[in-house]
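Here it is, the structure, as structure tokens.
For reference, chains read A, B, C and D in written order, and residue numbers begin at 1 within each chain.
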Amino acid sequence: MIDKPNLEVEIAGIKLKNPVMTASGTFGYGEEFSPFIDLDKLGAMVLKGITLNPKMGNPPPRVIETPSGMLNAIGLQNVGVEALIKEKLSQLQKYHTPVIINISGDTIDEYIKIAKRLDEVSESKKIAGLEINISCPNVKKGGMLWGTNARSTYKVVNQIRKITKLPLIVKLSPNVTDIKEIAHSAEEAGADAISLINTLAGMAIDINSARPKLANIHGGLSGPAVKPVALWMVWQVYQTVKIPIIGIGGIMKAEDAIEFIIAGARAVQVGTANLVNPEAPIEVIEGIKEYLAEKQIDDINKLTGSLII
Amino acid sequence: MANKRKKVRLVLKTKVKIFFKEKIVSDPDIYLMGLSASLIANEAKPGQFIHIKCSKDNYPLLRRPLSIHRIDKEKGEIYILFQVVGEGTKLLAQKEVGDNLDVLGPIGNGFNIYPESKKIMIVGGGIGVAPLLALCEGSIRQEKEVRVLIGALKKELVIEEENFRNLGAKVDVATDDGSYQYKGLVTDLLERVIKEGWLADQIFACGPKPMLKKINEIALKANIDYQVSLEERMGCGIGACLGCVCKIKTKGKKEEKVKYEYKRVCVDGPIFEGSEVVWDD
Amino acid sequence: MIDKPNLEVEIAGIKLKNPVMTASGTFGYGEEFSPFIDLDKLGAMVLKGITLNPKMGNPPPRVIETPSGMLNAIGLQNVGVEALIKEKLSQLQKYHTPVIINISGDTIDEYIKIAKRLDEVSESKKIAGLEINISCPNVKKGGMLWGTNARSTYKVVNQIRKITKLPLIVKLSPNVTDIKEIAHSAEEAGADAISLINTLAGMAIDINSARPKLANIHGGLSGPAVKPVALWMVWQVYQTVKIPIIGIGGIMKAEDAIEFIIAGARAVQVGTANLVNPEAPIEVIEGIKEYLAEKQIDDINKLTGSLII
Amino acid sequence: MANKRKKVRLVLKTKVKIFFKEKIVSDPDIYLMGLSASLIANEAKPGQFIHIKCSKDNYPLLRRPLSIHRIDKEKGEIYILFQVVGEGTKLLAQKEVGDNLDVLGPIGNGFNIYPESKKIMIVGGGIGVAPLLALCEGSIRQEKEVRVLIGALKKELVIEEENFRNLGAKVDVATDDGSYQYKGLVTDLLERVIKEGWLADQIFACGPKPMLKKINEIALKANIDYQVSLEERMGCGIGACLGCVCKIKTKGKKEEKVKYEYKRVCVDGPIFEGSEVVWDD
């Protein structure tokens, strides 16, 4: 009788007490959730995407609801890497959960500058790793460009790889013809892990005003609606790369997370669910425990890629 | 920062029971709902809101923000007053007395009534009166002299008039079609009251954006301190997603190109100084 | 006071009494719906995708439900072009609604053979036009290949263009990096109109059996869940091509159809909605009428691309 | 073809009112529901089903197929008997007497009772008895001698036993745990009954696939005509989407490589000859 199955997983050299992380942009800078959950219970925290300089972001409305999903066009509003280090990371020092910084840049140079800076303070500020966002669909010049082309993906990842020893997680965009190709070049370029998916590009229109519902016209689709697309991409990438995969997309309950793990994910990220239920990540962790106990699986790692076809 | 962290720490996720429900206006349908929520009532201050999961499933997915309409700390009860405009409020209106609601709250900064203020002017347009009853009660408890101006399209849509009066406020109403009391916009009524010489120390308002904007001009001219309750589409409601922002002037940062920044309505607001809001959109 | 707004539109030279068609594969061969609606009220009927020879299709389960959507892996089961002509089309002769044949092929040669054959009988069988499915994600060798590459899209469309005068509608796959590029090459190749989107590739897993819910492992996602993605692609393509666009994806009610038309669609196709409510297309037509009357718009064509940004 | 078109033409889309609802078994929850549906009752024959929209919105999106459990043409009523297994059946179970249901039906070919048959054997496993009560009633009205074998896990899960008996059928029950009557599988019971010499002219069955498959072997051996009610995930329910197929042998097409084709459970079935079904999966 297995009643305490092992939940520990290792991603890109980062040891996680369980495979459940929070997805960038849906968990703020962490502290926002401390009134609701014990942050020390999380597998890891991925913070709001950061850029070199502070970013204003897009005009409102920035979020609107769609069937079983939502569109967001935040436009990467963030405090910039320096304020992140000074204020936000300092707040998190008291916690024991690995902190992963999600970084975005308009140019390779910007990516490098951020990575360098975070690398410098990684010891003092306990930064566990970097998640490279080459896929944020809201920033015209940035993300999209890199993540939708295998060569540019290779280029940016490889450059960052050269200047930091920090574990690198490359976060892929689903808005591509062949996710396997992109994942492969990220691995080639030296990524330690791959996370997917970021949001699907989408749009909604208010037929009374004949205007887009988002001020930014289009935004990123997330939530349960995208789960089937995300699962299929995770399974495809699992066939392609050797490095661990972090599954993301519409995970609201433990059952969803388990689908991703069976499809090949070593860990998962909970995103939109945080906006609906701040306790979601904890509930997912508990649910996974119950599933393993019920199925008498002694180690979560055995579930990864266990899809029977 | 400290201030903000404090606010955040007070927010709770709880199940609250509906003990009262009444449809007070039809088409548009407006409901008054009473919630047994001692924890929230205990923490709540006028101008704050609660973030409600209206469905059990993904449809709708996100929570819906509703202002706290009345706070009864003794009884441990709060009230919400809401208009049915879409799927979420429709589902909420279908809930019955005895049902539980999954809510986050109280959220937001709330109105700031200055101790030194003697005269308070409260202006509500349409469903905008929702957060103002609690404010009125709070002001009167602090022995302020309170006047309330309610704006509505027509007589049938004037809500809560008596309740404001019962609290001890002087209430005047403006209807667009003149079917009740003053004929015209509530902002015209406000200008008239000021012209008549009743000068408040603070104006508080909630309602349609054009109304709020117009009042800002009036308050500026009369040089009266002015606080507004803003609305924006929301995601998390707890300051994490940056989905609910509004344009707020960045004071004293002359060097910067942009003269405004995006602040979160949910936790930096929903109450802002009228003078700091960028009204141009 | 406009109470009888014009609903007529012209697509690829085909005159439609209204802009509401039925989407291929969700409306069978038409007759299946005659017990529920008057087929003569439809703008056009697009029949189940046809191949040169009869196709068995995939093993079951072929359809499963996802949040606000469904996955299908029918595998293009169909009677083949000859049986279509003999049996199915004969049944439809009594109706006055334009019939559009959706064709799929594993090779260019197959596409051409079908197109030729349909071209021959187009007069006698009253075939209004062809919709070229270069995007069906369920058939490994077929669809996917063509529709996800600009050059191959050009090639297949151009070859078909050469051998038939029939109006050609090219139906695009959303599983691509840049939909504009594909749409552009379809136009270059001689397409008379473009329809989009076909289904998004997706997957679902039964966590109790650790098996895919679809026997085919993956399938095509459709329904309300995909609407934001479809709308964004229609709007992008509208910026790119001059030929008319047919908007498809999650249209359940008139409001959805109107969103597509405002985004740039000249007509729309109702798909998954037919499976839920066989009267859906008629309800959409009625709803569009009401909207135009309410907005006092005298001609549906004025709504196309009227998005205010 | 003609035959199929006829079937299609009989299908209706209607709103039917729930006039009766009872939970007849708990965990798993099984409900009996009565629907005022004169049009459907009038057309319906045993073995057909109705396709029900369980939600008002997209959640769940698709309809759910449920067999017609009883048909009362005089009263214009039909009954459904269903087990709660997921979201759709859960929502359906939450409907109350007086509520309306959006249904398509009657759908499918239905059971085919041959005039010349004298003895009818009906075998139901678990919730599989659902379509069989109407069949039993129909058979007895045609003055057949009917025996019913019901299989269940345990005593508590034996459903409708009395109702079959009241119709005039001889009913025997098999429970896996032997908590009621014959201990073992209903297929073992069937073999025993045959060994005892009660040879039916036709066997009809509905239930779990392994049971149906086993009965096919038994029927083949005893060389008894056998009809089964199959289940598959459905989309449209009206023959249009090809989502609901099962493998059916292609008789007499020797030239072809494949020895089976995919037929639609919804309109080509749900009733098939046991001998034509490809059981290997």
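We take it that a residue touches a chain if its C-beta (ideal position, glycine included) is under 8 Å from a C-beta of that chain, and two chains touch if they have at least 3 such contacts.
Keep in mind it's a predicted model, so treat the numbers as computed, not measured.
Where touching is counted per the definition, the chains common to subunit A and subunit C are B, D.
Using the average of C-alpha coordinates as each chain's centre, D ends up farthest from subunit A. Centre-to-centre separation of subunit B and subunit D, using mean CA positions: 57 Å. Distance between chain centres (mean CA atoms), subunit B to subunit C: 47 Å. Rounded to whole angstrom units, the spacing between the C-alpha centres of subunit A and subunit B is 35. Residue positions of subunit D touching 2 or more other chains: 58-59. Counting partners per residue, subunit C has 67-69, 223-224 as the residues that reach two or more other chains.
Viewed as a contact network, the protein chains are fully connected, with every chain touching every other. Only residues 57-59 of subunit B touch subunit D when the two sit together in their complex. By the touch criterion given at the top, residues 66-69, 71, 148-149, 175-178, 200-205, 207, 209-212, 217-218, 221, 223-229, 231-232, 235, 250, 255, 258-259, 262-263, 291, 306-309 of subunit C touch subunit A in their complex. Residues 1, 5, 8-13, 53, 58-63, 104, 232-247, 258, 261-262, 281 of subunit B are the ones that touch subunit A when the two sit in their complex. Contacts from subunit A toward subunit D in the complex involve residues 67-68.
For subunit A in complex with subunit B, the touching residues are 25-28, 31-36, 48, 56-57, 59-65, 67-70, 72, 74, 77, 87, 223-224, 252, 272, 274-279.
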